[in-house]
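Down below are the structures I want you to see.
Two complexes are shown next, each including subunit A; its partner changes from subunit B in the first to subunit C in the second.
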Partner chain A sequence: MAPSARRAVLLLRGLAGRHGGCGAALGQRCVSAEAAQAPPPRPRAPRTSLTSPVEHTAEQRGLWYTLQPGVVQRLFSQGGVPKQFLTQCQTFAETCLMVRQPSLTLMDFIRRSDLSLPPNKFLLYGRNGCGKTLSLTGSSSTSPGPRSGGGTSRRWLPSATIEGQYDHPLDAVLWLQHFKTQNAELLKTLQLVTQERYIWSRREVTEPDTPLGELVELGIGRARYSTDCVLALTSELKRHATEGRCKVAVVVDGINTFYSPVSRYRCEDRTLLDPKYFTLFQSFMQLFKSDWKNGIVVGSIDSLANEGWRRDSHLPRYLLRQQGWEALDPFIPIPIEDYDDLEMRSAIDYYLDRHWLQNPQAGSDIGRRELAALSAHNPYLLMQVCRPL
Partner chain B sequence: MASVIGQFLRRSSTLVRISCTVQARVASGLPHIQQYSSSSSSSTEEESMTSPEGGARMSKSMLAYQQRAEAHDKFMADQIAEYEIGRRHLANIMGEDPETFTQEDIDAAIQYLLPSGLFELTARPAMKHPSDVFIKKKAAEFDISGRPFHTFFYTGYPAYYQALHDLGKTMISLDQFANRMAHLKVENESQAFNCGGSEWVSKAELSNKFLEELHDKHYIFFIQSMNRLIEHPYSSRAQDFIMRFRKVVITTQNKEEIPKLMYTAEGIPYMTGSGKRKHTEATVTVYGRGSGKIEINGQDMRFFKVIQDREQVVFPLQFTNLLGKVDLVANVTGAGLSSSAGAIRLATALALRSFVDEHMREKMRLAGLLSKDFRVKERKKPGQKGARAKFTWKKR
Partner chain C sequence: MFLQKVYVLDMRAQQLLRPLACRSLATSHPRAEIKAAAEEEFRTLEIGRKKRERFTAKTFKPATMLPPRYKQQKTDQDWGSVWPAARTFHPATVPFPVRQGYPASGQPTPDKWANAELMKIPNFLHLTPPVIKRQCEALKKFCTPWPAGLETTAKQEKHFPVTVSKSSYLHSSPTIRDPKARIVTLKVHLRSLDLDYHGRDKLLRLVGERYDADTDCLTLVADRCPLSQQNYDYCQYLLTVLYNESMKTEPWEHEKELVDLEKYVWEGSPSQAAAQNVVTARGINDAEELLKEYGQVVTDLHNEGEDEATVLRYQESVMKLLGLTDPQDTATASEPKYIQGEVC
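On to the complex of A and B.
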């Protein structure tokens, strides 16, 4: 078989890969007879005007909603959102998400949660690229509480205050900054104050009844104590929530990071550090315990948050390991699947609406089927496939 | 041939004296008599010998020719006898009936007993009839007296010009027939010769047929003349004559049977196909009335990380417009993702033949979907760094 005959003459890839933007003229020649029809009219993205996920119902499933500007600003400033998504939002000049069943389920559960009981833990799980992180982004855009990211830490230090533990000053500072962006007004409105005395050094002391905002500022200003600030902050919030002064939602992306037995860091004697000695981790892990009220925990279990050798399955028990399973149990698992037909259609319509798919046959029946097959119905793979088109 | 001459010599009682100068043609090996002078008186250039039979006297060259012809006859007879014996032995070896053992059977038996992997097919072991193996020679073209048998002998290409002569006569007879038909006002539908399914013999084949070495101009003129004959409205009446110089073209596409669809217990139509690429083998089952599910070794399309491999798998389905309408279950063994994709593509295309019509099958064939990609890694040669790469060349 000659190499020329072997090259796949597909509707979409065969053109754009070589000739970039001139696909339209060439497209008519390359396609097979059945598919060489007039390009279908450009569809409009199926949208909904309800911008808050709280208001979404099953009727809005598959529709695209735009995030509010304040939320958008928060998204862009904090981490935890995939960079590719942010770039795409800039290209499309809008920030839109699709209403999908898992988010609807999650919202429903949150609404029905009895906050007088210990916090419900909702963990999203699914295969790579199914939309765990973006589902979290969508749901957390409405939640007033603090949001923590399970990101990668870069620098670590032995703890300033607690012996045998380790700090992450830079990460703690970043987190506190994000916390501040999200929750500063709320803290002022609710007038939450510290209830304990924190001694940072001989001259730096935080007295009780100091507004929590000041504690945050201290942590941002003094990187040395930022990790312990985070620990103090989370403890205080837990206490306030239990006493009914505020509601706290903890949103974690990649919750299984906390429970891995090894980290990337080596001590002087070249052994790998155990993350259970990280103060930052401890400050969040205490929020997963069932000893407080008026809160919920929403997290995602991501196989990419595990080490490379522990990614064979996407199921919670495997990824969380014994330690994580026991710590988080009981939790409510919410599976996230690939796109079904309705969602796939909606996603392609959105790309067409945004003029992202330039190929004239992309919106045709055969084109859609091809996109679905090549991407295996996976949202992330669909994005990858559509990139060069 | 020589036997005829011998018989002629024996029967004739007259002594034939030939005095002539003979200039033997070395190339043909046959005596070519250029000058004939019949004089009963002895001449100084007389070269005559008595024949072995002691009968008629003929020239040395004629005698030599006769001997050569006889030797050739004997040689061929011996070869044919050996061949026949060998054929019967071979039939016995293969357990077949020696009486009905044809040349095809011989070829198959030789291929079985002496398998060869040589790329040059003519270098492989073969057992053919001696008349196919040894070059044919022309029979005697002139008699003992030197008079040629064929009228056109002195043209140098008697068989060729005879054929042209026959062609001319055929044309005249066809014209006469046409005139008669026109005179009788018989309206016939066109009875022109049907050229489909056959083509003209090549120049080499025509030369072999005539046993004369033709030039290009001979061949071109012959074909042009034959084409004019074919254009005659009643040329089908001369079919036998025309088919002497045409060979039937064997269609390259073998009409292979497309297997019929099978059905599962639930009544779902399915078909399996298998394909290979390099050292990878794939077996694919295509289920009709499906929803576009693709399963490869238990995983979905994410088995292939590279988009090119996924495109290869999808291509046959997209080409036949069955994407999303059939389900695919593939099992692939062997290393190599790209070759796995190619093997699955071939297997899928072969399975899809049962789902589509003739027109689409032809289109698939033209698209190259049904051909096995036979490219494999080329071996490394000694004295070179790789298959083609040479070692660094040093000028000195």
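On to the complex of A and C.
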């Protein structure tokens, strides 16, 4: 290890004394012991006052923006955000995200998309911990629209209405509740109504021209029909969007779960169930087709959303498999990289500003270099490394 | 005065005369008493064991060794006579210092004396360039000239595309034979075989792992017969059969499906249909080139393997297809403003 790096390690661990035991051991003169004594002044986090990602430009790259509490509540009650990030936001008493190049590119693409054409598909991909989910969170904080997480369904049932398919009642109810939190006002203002007649049972029927909000309520109330409600809802939204009454943004984290050939469930004959028979999956997958307008599909391709044996690469074609590729092609893949120097500096400044990094040398040049080396410029690893400091 | 007149009469009597208590303490050695009496001094009382003479261990001097042989070697000696054949490394015969092995801590690399590592490995001290030259000169009278017209590798491959190799063994044991002598290897480059696209694909499917894509070389190894001549005939037969079968097209080959294709074909794939849809929806009339470029990029992504470069090319191609190619030009944007937080 280089002498300066070794000294940095010892400084951060608090082992180096005034005259530096390590310096004597290496046979070097202790360089600037007095400078190491006085910790650098605590910097303030580089922030921007523009709270909406729509307004961000390249000038805001590396700055932190705060999400409004209403938006926070709307997004985070869904649970598509990593739990560690939620706890961190609680600790910091604010929800801040860094403006990074991929989200700028994404917003730019969305702005320039021609909504009269079939929906453009933008998929974020990158190695683990680079910030795909949080980039999605940031971009979806601007746009209301249905948003679904990766498949961690718990219970499944054979479908009530469609032969040979399977329902996920609890998950559908949860999803409908989140949809309601996100979009209830919008549904009311736009006054979207059903256009078809839905017969749930002999006594339960949804007539045409019922507000979609009621359909959502029905699904939440009646778990038995919740999956079919989701299917009906997505079909209706698609139809409304095609007819120009609303704009729909579909944000999916871990879009490759839809195209996995096996699920965690077994049939009675002990064979693993193929997810293509899940009604819930089908209701979202119909939104990825190119037969509607006024919409955008934004997703992230996560290697952790695949099974354990199919995670060798983080690249989209490998993770999506042939089925996913054929369904989503052509899409624009947006790579998400690790932090570069600017973003690393900004992230460490933010942690220092929030008093998260307690070690006085964390803000020094050597300390920053050590943090960058330990985390390999990976955002997730940086968070983990900074936890005990 | 009294003491001076005491004579030693009888030792035993004297001892008896002494009181019992004194007997154990006093030295009963006759010589000590004689001494004391002669010298007229006090008797000495020696307590403890007497010091014995220390015996030094016998030092075995080695027999006088001859100096190592290399000290008597001249610098212009004929090395080929000193080391005529392959032999285990012998430090006294090798005239130069050589070190090999992992050094113990604080020690230099082990030298050549009693160095098991140097002795274990094969050495080529019997094949120094002058020796090789001499051997070549000796062999030259048995050689014929290299055939004209086969100077370069390309010409050799053109005229003699097939290479057959086998090894011979000779043992100095009750049995001089070795069963490995029956193994025959046949190598041929696929470019030397006159195959069309279908033939090449079929041949590659038939031979499987025997083909090396890096060197474009097909290797057939035969060891199933007891004699090498038989194995050689079998190799010839195999090559003939492979070639002829590859040239044929069986009636069931038309049942080849999408999953059986050896490489990705964009024409007729869902990707082409989707791209066509996009182009139609956008209402572009002259989209031939756009679609062709897109098809090429997608084919490369599948056939050449997916990596960052191919994915980037795919991204650019899709951007062109969807009409989003006005780069935001973020790379040349100004430095983002910091409120605070410069690196100290």
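In this section, the second predicted complex is superposed on the first by the 352 of 389 C-alpha atoms of A that agree within 3 Å, B and C clash if a C-alpha of one lies under 4 Å from a C-alpha of the other, contacts with A are read in each partner's own complex, and residues count from 1 in each chain.
In this section, a contact is a pair of C-beta atoms (placed from the backbone, for glycine too) under 8 Å apart; a residue touches a chain by one contact, two chains touch by 3 or more.
Small disclaimer: the values here were computed from a predicted structure and weren't measured.
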**Message:** By the touch definition at the top of the document, which applies to A:170: first (subunit B), second (subunit C), both, or neither?
**Reply:** neither
**Message:** Looking at A:381 after the superposition, I want to know if it touches subunit B, subunit C, both of them or none. Which is it: first, second, both, neither?
**Reply:** first
**Asked** First (subunit B), second (subunit C), both or neither: which does A:373 touch?
**Response** first
**Request:** Would you mind checking which one, subunit B or subunit C, touches more residues on subunit A?
**Result:** C
**Asked** Of the partners subunit B and subunit C, which touch A:86 in the superposed model: first, second, both, neither?
**Response** neither
**Request:** Considering only the touch criterion stated at the top, classify A:59 as touching first (subunit B), second (subunit C), both, or neither.
**Result:** second
**Prompt:** Touch check for A:184: first (subunit B), second (subunit C), both, or neither?
**Reply:** neither
**Prompt:** In the complex formed with subunit A, which residues of subunit C make contact?
**Reply:** 269-271, 274-275, 277-278, 281-282, 294, 298, 301-302, 306-308, 311-312, 314-315, 318-319, 321-324, 326, 328, 330, 333-334, 336-344
**List of subunit B residues in touch with subunit A within their complex** = 292, 294, 300-302, 307-308, 310-312, 314-315, 317-319, 321, 323-324, 342, 363, 367-368, 371-374
**Request:** Report the residues of subunit A in contact with subunit C in the complex, numbered from low to high.
**Result:** 40-41, 43-47, 57-63, 101, 104-105, 108-109, 112-114, 117-118, 120, 125, 290, 313, 315-318, 325-326, 329-335, 342, 345-346, 349, 352-353, 363-365, 368
**Item:** subunit B-touching residues of subunit A, taken from the complex the two chains share
**Value:** 1-2, 5-6, 8-11, 13, 32, 34-35, 366, 369-370, 372-376, 378, 381, 384-385
